[in-house]
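What follows is subunit A paired twice: with subunit B in the first complex and subunit C in the second.
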Partner chain A sequence: MSIAITTQIICFTVLSLVILVGALGVVLLESIVYSAFLLGGVFMSVAGLYLLLNASFVAAAQVLVYVGAVNVLIIFAIMLVNKKEDLKPINDIKSRRIISTSICLTLLSLLIRVDLTNVWSLSSPQNSIGEESTIRIGEHLFSDYLLPFEVASVLLLMAMIGAIVLARRDVMSNDISTGLPVDQELIEKSSEPLLTNKN
Partner chain B sequence: MMHLESIPIQAFLIVSSALFCIGIWGLLNSRNAVRVLMSIELMLNAVNINLMTFSSYIDNNLIQGQVFTIFVITVAAAEAAVGLAILLSLYRNRVTVDMESFNLLKW
Partner chain C sequence: MEYGLDLEYSFNEFLKGFGLSSEIAHIIWLPLPMLLVLVAAVVGVLVTVWLERKISAAAQQRIGPEYAGALGVLQPIADGLKLLVKEDIIPAKADGILFTAGPILVLVPVILSWLVVPFGQNLLISNVGIGIFLWIALSSIQPIGLLMSGYASNNKYSLLGGLRAAAQSISYEIPLALSVLAIVLMTNSLSTIDIVNQQSGAGILSWNIWRQPVGFIVFWICALAECERLPFDLPEAEEELVAGYQTEYAGMKFALFYLGSYINLILSALLVSILYLGGWGFPIPVELIAKFLNLPINAPFIQVFTASIGIVMTVLKAYLLVFIAILLRWTTPRVRIDQLLDLGWKFLLPISLANLLITAGLKLAFPQFFGG
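Right, the complex of A and B next:
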């Protein structure tokens, strides 16, 4: 990378702060809408980290897929299920918080210890291919990673069909029990929720 | 002040560890189902940062980590789509997104 080391450190510090504070905001803020927009900021900062790591193609993919698709999808879901509801209080919420926080802190300390004590066998930066990484990714995708690439396309197709089937309202061409054609109304109908009283 | 040639690998790894733990905390403590999905996305991003860091610092000639990151991004997109569809279906049946009320499988 041709950027001076001081600039790199400044960029890294700012991006890491945005990532960590944004992630804390995502899990801690009351309003779910603020969380969604903060999540977009976190995704953008992660793309910035990828740029620092000499990976322009993955950074672009990150921005396109995460910010452009996943985040928009999450905001749409929030819009569709956005109902003010008073959550029932849980009795043992305190002990749950304490246990989960201690588990997370223990895991964090363990991971940081591994990060700091392990001796990484770093390769020399002279081997770095830098800006050629996009070419190299293309070569990988069409030679030794060809099968996962094709399987990923099938996975995306299945996910698309599955999402449509799961999220649509039940409109079938034939009644299941009688076989008679039914009214094809694709308009949103108000239907009784099936399981509300079973608690 | 010590002279650095590049950012140490440990800095990236610590950021990704912290992001992963924040994701786990959110996963365990959120009551809104949408926030649970967001926490999963945070954890996947932490994993991606890890893969990219190792690809850049240890395997910077073959960059197989970047290819894996592309696949993880693909799977994450599929997961988000299906997860949110399941969420909509759940909301239609129970009229709530509170995680505590999805207890039909509790024994």
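Right, the complex of A and C next:
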């Protein structure tokens, strides 16, 4: 076995272990902050797997989008609303856990079945496009995948407008969550700086 | 354009002379450039810290460090040793694991980004195809480390500082990436080597700064904001937040933040010189000098000359920018947090978008000047 293949196998084992243990930690840990940081670790390891598959552009995009944007936003949200409150104990917690575990295991067995029955067409390492893949991705995005690409951007635009409406309460007269009229006095208005209008 | 020293090839040939296989030779070669770049980065930090102390002293009409070595050149080493032997304190109510992992997460992506910094045609660790995009992706990991250390310190100033640092980092990443995109559009490649080669046609006249003046200024402002340098050092604004996310840190963990911020500053300066100031290019093209001296471009003398000129020019340009950054730090006041976010979102973002659009238009209109 050559050194390159050995390195690849070691990297693959370590990355898969990190992904599995990290993902279990995200679900099972009590502290939500730990879960969020572990999620970042899982995203990073997935990027490492892409790197092993010679897809460096996808790996960098994974880091930029999932770690740099999604995970940072999740952590932001957790830290800004990290209230210490005692959660109400749920009575039938045991049966709920059993149900959710069985649903997850069913899904897992379905995926394993798909993996075993499907015939995966693997391209040989000689045929891999490697660094060319960036150009290929660009070509596909602007030809046969143009419509999904544009629809995704419209979706993002809608999400952005929704976030702005939610954040700027003066757009609506009633509070969304409670239905009470919004006290317009409480809304921050940009005020004149104190120092500019003197003398 | 494929000329210049190829040290890796020569080194591998040298080892094969001893009867080693090419795989073993490659493995022996691999750590060498990494170590070299790591040492270069640390030495660069020491020089920058000394410059910072001396220039700040000059700006405030003081003398600055004087007794440690001639002109105080050993002062940064003394600083480093002090931090190294200080007690490593983890506050009692802090979260030990996250408190330790935070500084590491801040430092590692910055050092990894040195992977794509070229000092010459073949003088870089790895000419990865995604080049400059790797740096953008890696620099987006940093906010997680900042949030982590801010949260783990269990201190309101730390948490506020961490949140501010992350907010600042996220909002300035977008105009930064957009101005890099304009350069990539002109180069037709993400690789840093191609970006420099694209600017090497006519010496100083073909540098990107003349074709991308707006992009240059936007990139420099954003790079300063990413490094949290004054005028954008809000995350650690002393008067408001004690020291931000660094408040509870001492000893080597604090030194990691310190090292990270200075390595990041040098890295940003290097990247500005690569993207806009012609990288390792001499203001007069080396080919012209070779023709003037009647020497072939592949002569060993010319090759060594080109490589050393390349390293000197890259470092010189980077340190010129570091000097400007230090001067800015000691002569400008800090902006407020709302001004900072306004500048990022309402001014730099539209301007860099317009810059990208105009670059694309100019590329179609004048393909010979803006890369076809």
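Going forward, the second predicted complex is superposed on the first by the 151 of 199 C-alpha atoms of A that agree within 3 Å, B and C clash if a C-alpha of one lies under 4 Å from a C-alpha of the other, contacts with A are read in each partner's own complex, and residues count from 1 in each chain.
Here, a residue touches a chain if its C-beta (ideal position, glycine included) is under 8 Å from a C-beta of that chain, and two chains touch if they have at least 3 such contacts.
In this text, all values refer to a predicted model and were calculated from it rather than measured experimentally.
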item: Which superposed partner A:Val67 touches (first subunit B, second subunit C, both, neither); value: second
item: Subunit B versus subunit C as contact partner of A:Gly40, first or second or both or neither; value: second
item: Which superposed partner A:His140 touches (first subunit B, second subunit C, both, neither); value: first
item: Touching partner for A:Ala167 - first (subunit B), second (subunit C), both, neither; value: first
item: Subunit B versus subunit C as contact partner of A:Phe57, first or second or both or neither; value: both
item: A:Val18 touches, of subunit B and subunit C: first, second, both or neither?; value: neither
item: Subunit B versus subunit C as contact partner of A:Ser100, first or second or both or neither; value: first
item: If touched residues of subunit A are counted for subunit B and for subunit C, the larger one; value: B
item: Contacts of A:Leu156 with subunit B and subunit C, given as first, second, both or neither; value: first
item: Subunit B/subunit C common contact set on subunit A; value: 57, 61, 69, 76, 80
item: In the complex with subunit C, residue positions of subunit A that touch it; value: 2-4, 33, 37, 40, 44, 56-57, 60-61, 63-64, 67-69, 71-72, 75-76, 79-80, 130-131, 134
item: List of subunit A residues in touch with subunit B within their complex; value: 1, 5, 8-9, 12, 16, 19-20, 23-24, 26-27, 32, 35-36, 39, 42-43, 46, 49-50, 52-55, 57-58, 61-62, 65-66, 69-70, 73-74, 76-78, 80-81, 83, 85, 87-88, 90, 96-97, 100-101, 103-105, 107-108, 111-112, 115-116, 120-123, 125, 127-129, 133, 136-137, 140-141, 145, 148, 152, 155-156, 158-160, 162-167, 169, 191, 193-196, 198-199
item: Of subunit B, residues touching subunit A in the complex; value: 4-7, 9-15, 17-26, 28-35, 37-39, 41-42, 45, 48-49, 52-53, 55-64, 66-67, 69-71, 73-82, 84-89, 91-98, 100-101, 104
item: Subunit A partner contacts - residues on subunit C that touch it in the complex; value: 23, 27, 98, 128-130, 133-134, 136-138, 140-141, 143-144, 147-148, 151, 159, 162-163, 166-167, 170, 173, 190
